[in-house]
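Two complexes are shown next, each including subunit A; its partner changes from subunit B in the first to subunit C in the second.
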Partner chain A sequence: MAEIRPYWALAAAAALGFRVLLLILFPGDLHLGSRPEVATPLTSLRRLSEGYWLKQSSMSPYAGSMYHGSPLLLPILGPLTAERTDGQPAHFYCSLLFVVVDFVTAMLIRATGQKLLLSRRQSLEYLNLPKLVKNSANINAGDLASLIYLWNPLTIVTCLGLCSSPIDNLMVVLTIYAACSRLAPLAAFGYVLATHLSLYPAILILPVILLLGYGPDAPPAKLFLHKSSNSDGKDPSNNDESRSAVTTHKPVRCFSRRPVVHFMIWVSIWSCYVLFLCSIYLKGLGGLQEMFKKTYGFILTVGDLSPNIGVLWYFFAEVFEFFRNFFLIVFHVNILFMILPLAIRLKHRPCFLAFVYTAISAMLKSYPSVGDSALYLGLLGLFANELADMQFSFFLFFGYIGVSLLSPVMHNLWIWRGTGNANFYFATGLVYSCLQTVLIVESVSTMLKHDRMLRKHVIA
Partner chain B sequence: MAGERGEEGGEEGDPNLKKRAHAARSRLIVRLGAFLVSHSALVSVVCCVAGFITLFLLPVLAKHTYISENALMPGSANPLFSSQDVNEANRFIKGIIHKRIEKEEAGIELQKFIGQSIADVGAEVHYHKFSPHTNHFNPLHFFSSTSNTARIDTNNSCASFGVNTVGIIRAPRGDGKEAIVLVSPYNSQNMEYNEALSLGLAFSVFSLLSKVTWLAKDIVWLAADSRFGEYNSVSSWLNDYHNPIFSRDSGNLDSISNDCHHWNEIRIQGANSNFFKRAGTMAAALVFKVMEKKEKGDRDCLTMYAEASNGQMPNLDLLNIVHYLAVHRQGLRVKIETMGSLLNSAWVKFTGEILEGVSRLSKSLNPQWKFDVTTADYVEGAATLASSMYYQALGVPTGSHGAFRDYQIDAVTLEFLPRFYLRNENAQSTFLLRSGRLIEGVVRSVNNLLEKFHQSFFLYFLTAPNKFVSVGVYMIAFALLVAPLPIVAAALFARAKANEITTDDCAEKCTPIDTKESEIATGSWKWLQAAKVLLMIHSWAVIVSLLPYYISHMINLNSTMSMLTWVSLSISTLPFLYALFGSPFSLNVEWELLKAVMVATISIGLGLMSIINFSTAQIGAMLLVPMSLLVHPLKAKMNVNALLRAALLTCNIAFAFLGFPPVALLVAKGLSEGFGKLSIGDFWEWMEFLWEWNSATYLYLLWVQLPCWLLCIHILLHPCSRGDSRHKQ
Partner chain C sequence: MASLRPLSRGPFLLLLIFFVFSLSLLRPIQGNGGSDGGGGGEEFSEELLLKPLPDRKVLAHFHFRSAAPPSAANGRHHHLFPKAIAQLVQKFQIRELELSFTQGRWNYERWGGSDPISTRNAKPPGVELWALFDLPTEEIDPTWKNLTHALSGLFCASINFLESPTAYSSPYWGFLSNNGNLRYGALPREAVCTENLTPWLKILPCRDKAGIASLLYRPSIYKGYYHSQRLRLLSSESKGIILEQTLTVVLQPNSYTSSLLSSSDAQLQPSWSLSQLFKKEMTGKCVLAKSSKIFLELERGLLEKIVEIRDDSWIGKFDGQVGSSLYEYKVDNSNENKPLDVGITWKLPLVWSSVHAPFQASRFLMGSGNERGSIAISLQSTQTHDQYFGDLNDCTVPVIVLQVVPWYVKVYYHTLQISIDGKPQTLSDVIEKIQVTPSEDKLLPGTLEIMLRFPCSMLSATLSLDFDKDSYTLTNILQMSYPDYDVSDDSSLLHNLQEKYLVRSYTEVLLVPLTTPDFSMPYNVITFTCTVLALYFGSLLNVLRGGLVRREIISQKDSARPGLVPLYFLGYLPAKE
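Up next is the complex of A and B:
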């Protein structure tokens, strides 16, 4: 555990310094904001400044199908995009803000990791598996995950790429962190805002409730039952340590309703508040109805078919008009279908469940960007101890590198050179989805294998 | 390669068994993968050999070209270009020669004369002023896709700008949305007779087109002033065409041009002629030049040049119609570039003879098989293919048509070589008639187009003017070469993992590995150490690739000195990075993992490059793939006999020597031009040439080839201490 810690502050500072350095060295040269991989119609800051301008001239920010984000972002980020002060390039302060946002996200991931580590150690000690505890102490998952998040090239590109994804990611991480620490009001705040900003985090409701109800990740409840029945039945003659562990940390794996009810109340309070703010901001400009139509409606009906790294744009560009609604339902239900089975199977590991949900929605959402990948890859680091035996890690690593290099080249070949076509770019999107699928499948199966291994150790 | 097979077969028994036991209950695709991985040595030998054989078979596999777009209909109408137009051309040529003689120190007299002639025909005319700009090293150019904003150098003196003359015919049947461009480059300062001839040819075609009624696309004639190079004038005209300067900037332009009195002269002469005029999207462009012939031939000759920057080619249909009209209508002989040294090469001839033998054998077996190869055909095809690949791989355009491709316009350069000496009046007239009819035919064909060229191939190699190898065929050779890379990477990775598992128990008891290493090196994430080395070496390569930018800003360095500075700076940055990340030897990375990681990056790098510029990737793969597959530490033990071991070592050392980009270049140059003239600065000059043209080949050499070579050297010199201790345990 002591291995990363001394370097953590240095590495994190270096990551932030690197961002600022890039920001100063290449003020306008990188054109990341116009890359389809980085900025989607939902998150692009160029669209946001257009919406802000429309609002300033007393028009609905949603006029003309340019802006599709939340109205709350306009008064916060809008002034930063519009002003060009003291010779700094446009969006300079916005990017600086995103650097800070990234840092906060990393800190929250780190804190979550420490919570998870604590709970893991407690449960392993309770299960009397000192060997595993010793092994796992080698990696401080929180530090590792936060560094992965900060140094991930995809995060850096997202941070400098003039899109609002860092804020979306911050809200998701905030939700998970607060749920881990059982802070119902904060969790509700993060959850409501994350849902408000990008809709898909709505499916995180299950892991959040599980986290609030059961507490952070632990081995399956059956093991605890087995253990306690064992220790009740025949006295463990050899191990005094375990007995002390039993007495100090009672296995509290029963569902506690109070925080969940609190959470629900707070969710309703926060969502009323957010809607109230929105309606004030949009008063006389179409109101909430317009907002729902232009944000959630836009997400759900896949109105913008400009290419991105997902697979939906290509499909809906090809599909016949009268099948469109059917397939829209099919694709969105696809995400919903996976929620329940996963929740049942992984209910003892709600944090991991949240990671799986974010990965699935990043793969199947209508306007995916690399910012979503940055989020779930950062969360993946939290489970470094459990996923140490993951298969295909080598393949996945090089696959991600290959796809992230290939995608701009294919785009260039299609749009700028004209020798390629849409299929070229779509092919990289397909490969990317396959990689994500492999990542999800492998991580879930490794996690289940890990649980099985624990069970073997406990029963043996 | 055989050595590797033996060596791997010896060591691989244990993981194989394990894998098979595991595979029995896994899915079919996993089992297939496992099977391939466990026989990786055999697979890689077979694939590599097959890849090389397919490459040598490409000239045989070439197909005849055909016109794919039906709308083109080449040669369906009778040419209107008649002897009257030839007379017009002759008159124009005389006029222009007269102007040249009249005013020895020519300002812009020629441009004015051309402009006047265009105006007389009844077309619009304008003059395009441009200043030469030197190409700058811009390493980010490929990805940033910046639109070239107009650069205006304020310190230009009067003498250093060129003036292009542009004539535009508005199509009577068009809507002004599309245009066909004719380009005839000439040197306004020192005009040769052949340039006058090409101007005359262009003018006569232009004046004919101004009279015809069938025109549906506007015609733009660019008389490009090539005093700063043909490419330069055309590309700056295209840049201004596609990036309009708005009023705020144009005031600036005026202030510069005001002090030039030549420019003012033109301005007075034509009311509107200094406005930049445009004529819609360009459908196609023809660049034509007339060359002076040195020796006599039996027919007029036409050479086509098509390669644009980074190996891009115009649509094959454009070449097809030129070829079809030239051969079947005008009776010209069409040629494309060939690599002369291969025409007389003994081993190409030998390969051709073998193939001819095979074809005779196959014919005797079954006369229905259409496998007809003659040695002469094969040698010709191979030489043409080689030059086609070479120019594509270089990534530098072969003429001013390359400037058009940057704007997605299909363009080709036609170089006419008349049969007789140019001054012969009669021969000149028949020559003008033929070439004028050819150009008219091509323009008429393109005029028929309804959409932009898209029907035929963009990705192809030519093996003869009427034979091509399409992407579907030539990809096979490359795919076969690259296919073993991921398999070998997986095999090496699996082997390193198996080693880990077998020695895990001992490691726990006897060798306490220091904690820092075991922190990351647990489980399946052990390869992260190797990835760290990889990251370090690639960041070194990026630094090395950026160094020339600073070196080129230093004053008074000749190429040898620059090269030496570059090399010494590059070498001295390496220890810094070692200090920062830890050197690969101190990190104690197993060589199998290092090799697995290297092979994986090579496959990514080659795959990427094959999309950016296929030929570079193909040529690079021929060197890089055997090098990376064969590499093996010199100190490692091998369970093979001495002969194989010696062969493997020699191959390793030879490839380690040849894989270094400067050495590879110098050897290639030495082989083609003799080893006497070589100097260290050659590589620098070559690199300068590449980055001036923004060739992706430069990035390939420094971001893929160089780091992989360095990794290979690391693997060769790997101490192998851990591996040995493992074996003992």
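Up next is the complex of A and C:
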């Protein structure tokens, strides 16, 4: 597996080439932009161009219930979605932009993976576990994860599907990457924009602070304490030349406040800046209050109940109005409830924590799309070494394939042919949620087992 | 150059409209018996227009007009004018109001599209209500709500469903130019029947007991192909209140006799008379009416050779609109013994056509499935432009399109495409003015008003707009004001304007089938969803806690304190391996 590296550039180029090829071969016949799996009311570019059109005719882009995205996307993507007369299909340049965005995301994932790999190697060597290093560390997680991200059919569909999810994903990945490299301003930029674009990345604040404070993922701090107390007491018998170079200067991890404070300051600067830009753009058209109501309010109140791959739309279509607010609170709190327990148990692995948060919000968000899945599946590759002995991976793999094949069929039967029933489509949504649940639970449990195994090795 | 001809024709046509409806008021009335009935300057007049239509049908248009002088003159008391209406006008500060109940669809192609009868009385099926208020903007919406409730009480109809903001819109200039004080609403699925007609007749001073209204025998008028009862109010400080009530019916005369005759006679248009059409006899006027008249409208030149008028007691003959003659009858002369029985008998078969509007408009839904689709409005030229506009080469026709869509049809206005004679056009070339009020979910219908300018030589034009369909929720269906979830609420209105000459036509009502989730088992959905969430929450929490509990057990094993046996066992229970 160490031989990924030579082929990485080739595989990545092939993935990008494949996208461009699809773009040229099917210049508008794929109709992915109107698939409920791909484009949600929040990310659909069709709605974005409606918002852009409204803005052009000097109305608020949020007039009507069409556009719910960020006002900052309008001046960037709006002109690209407008009808073209130079022979190219309307959204050609927009899709090309998304291909580039996907590539940047993949590069950032790769760089994050390399940071994680380095940190893992250092800490394992410090813990004096050369066996583990030799066993598994030779999977280059960064290369693997970026290739998973690039070749994932869900990512390809999202990239060509005319929705703004690739940009949302880029911002999340940028946040994680910058936090891993302890670049507070960049991390703050990514964090603020990701939150601004899709709200849910707001919960990434914990992993980002942990990353900035403690550095990338490592085994639990207790093991280091144990090790250092051992090595203080005893003569360091197996102090080889190989590890001394990297590990001797590595201290026991302690929380460094400086980058975190920097991060906080930069977050406030960037958010003021973003709000300022938004208010300039929306000047005289309803202002920021309308923006908050139409974007975050729309996300939190689940206003649009058109079918999507989640379960909330059907739930809120069926539930009586009287209980609606109660269930809204329950579902949103479900995301928030898990933040703290996870952060306590996984505080030594902030990157993994970020992955779990992303997966949870992808499952429980009001308007889920395959773009969110593409993101967390890509991030999952970063932990290939730790999660090597995950259970149910076969079941999960084929579950994802099965659902992604069945769901469009059920949708077609219900909406287009009129022979199916909404319940069948909803059932695929339920199965999909279950699969994501299993994935999250299993990956967390495997990670905890991995730490336990490390402890066993260290103590033994 | 192009605008000279229409200018000269416009006033002429307007004058004719005025002529048909108000001539009787201007002319001195000879020997009227009821002028003492209307005191205080209030007056009432009744008229009936009969006209054979090219497709063997007959148009009967009843027109009742009541007028009250400015209210200051006689306080709150009325002799003739309906008090309920006067109160309505006073309470809601109505400047103008029009309410119509319609069954059937006006056939613009066969029954005419540009004559005053069709442009004023062809209404969309169901109920249509619009009102202009003389109020500050913020008071208009609450007043409209109250007005709908008052009207629904007055006319025994579900007009109150127009109170919800999703049901009405406020077009700025697409319907009538106004300063934002116009409200327009329509209920296409409202069933119209005698229960709506009875209160409408109650407003008349003689009800249906005497005068022209006594012809309104319910079985015969509801048997017709088109039935539209309309109430129009105009009020102003100077002129007081004017109430116009019209009832337009298109009836099929009984033609048993002709069908029994030879085949050549079967080509003949059916002959008819008042008593035959309405199964009632005209036996005198309403004594309270200032004037009471019946008009018969025929194509000019028909009388001598082709048509024979059954009752030739007509007292006047006028030239009506393009190519027709009007014969006037006075109802005063009739009584129980000598009923007035206006009618015609055809002697020779004749094929003719009504006056077409310059364009024929129709509207379609395109696309299949319940997810998205598009609306197309097509305008077909009727090749009668020279009649209206004269020189075809460098003239243009302004056309206003008003399209109101309910919120559950989410229109992408940026997808508006216009093509002329099959060739797509740049929007800015054709659109003169555009006003879009996008729809808000569950709050506001979308309104699109476009003023287009087409070349006169154009044969056909198409406008298309894409939309997504929203799906219904359980609460929506429960709260739905009327079982109307498959009807696209409004008919689009098209006006062809040529200077002062305005033709208005309504297009078809569209059916939009919507996605409906399966509402048979909401509890299953709720329990399944909650189960999945509980699974996620429970198992994740268990995984997170699992290691802790185990470690506790290990440490307890290590310390082996026998005193804590119950706790020791408790520790095993939730442990996860």
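Simple rule for what comes next: the second predicted complex is superposed on the first by the 443 of 460 C-alpha atoms of A that agree within 3 Å, B and C clash if a C-alpha of one lies under 4 Å from a C-alpha of the other, contacts with A are read in each partner's own complex, and residues count from 1 in each chain.
Simple rule for what comes next: a contact is a pair of C-beta atoms (placed from the backbone, for glycine too) under 8 Å apart; a residue touches a chain by one contact, two chains touch by 3 or more.
Please read these numbers as outputs of a predicted model, since none were measured by experiment.
Touch criterion met: A:Tyr314 reaches subunit C, while subunit B stays clear of it. A count of residues in subunit A touched by subunit B and by subunit C gives the higher number to C. Judged by the touch definition given at the top, the superposed model places A:Pro408 against subunit B, while subunit C stays out of reach. In the superposition on chain A, A:Asp389 contacts subunit B only, with no contact to subunit C. Of the two partner chains placed by superposition, only subunit B is touched by A:Ile139; subunit C is not. Of the two partner chains, subunit C is the only one that A:Leu54 touches; subunit B does not reach it.
In the superposition on chain A, A:Ala422 contacts subunit C only, with no contact to subunit B.
Annotation: subunit A residues 416, 418 touch subunit B in one complex and subunit C in the other. Interface residues of subunit C, counted against subunit A in their complex, comprise 368-372, 407, 410, 412-414, 434, 436-441, 446, 468, 470-475, 479, 515-519, 521-522, 525-526, 528-529, 532-533, 535-537, 539-541, 543-547. Subunit B makes touch with subunit A in their complex at residues 140, 142-146, 312, 408, 458-459, 489-490, 493, 515-516, 518-519, 522-525, 527, 531, 596, 600-601, 604, 607-608, 611-612.
Those residues of subunit A that touch subunit B in the complex are listed here as 3-4, 29-31, 135, 138-139, 388-391, 393-395, 397-398, 401-402, 405-406, 408-410, 412-413, 416-419, 424.
For subunit A in complex with subunit C, the touching residues are 34, 46, 49-50, 52-54, 57, 59, 63-66, 303-307, 311-312, 314-321, 324, 330-331, 334, 337-338, 341-342, 344-345, 363-364, 414-416, 418, 421-423, 426, 430, 433-434, 437, 440-441, 444-445, 448, 452.
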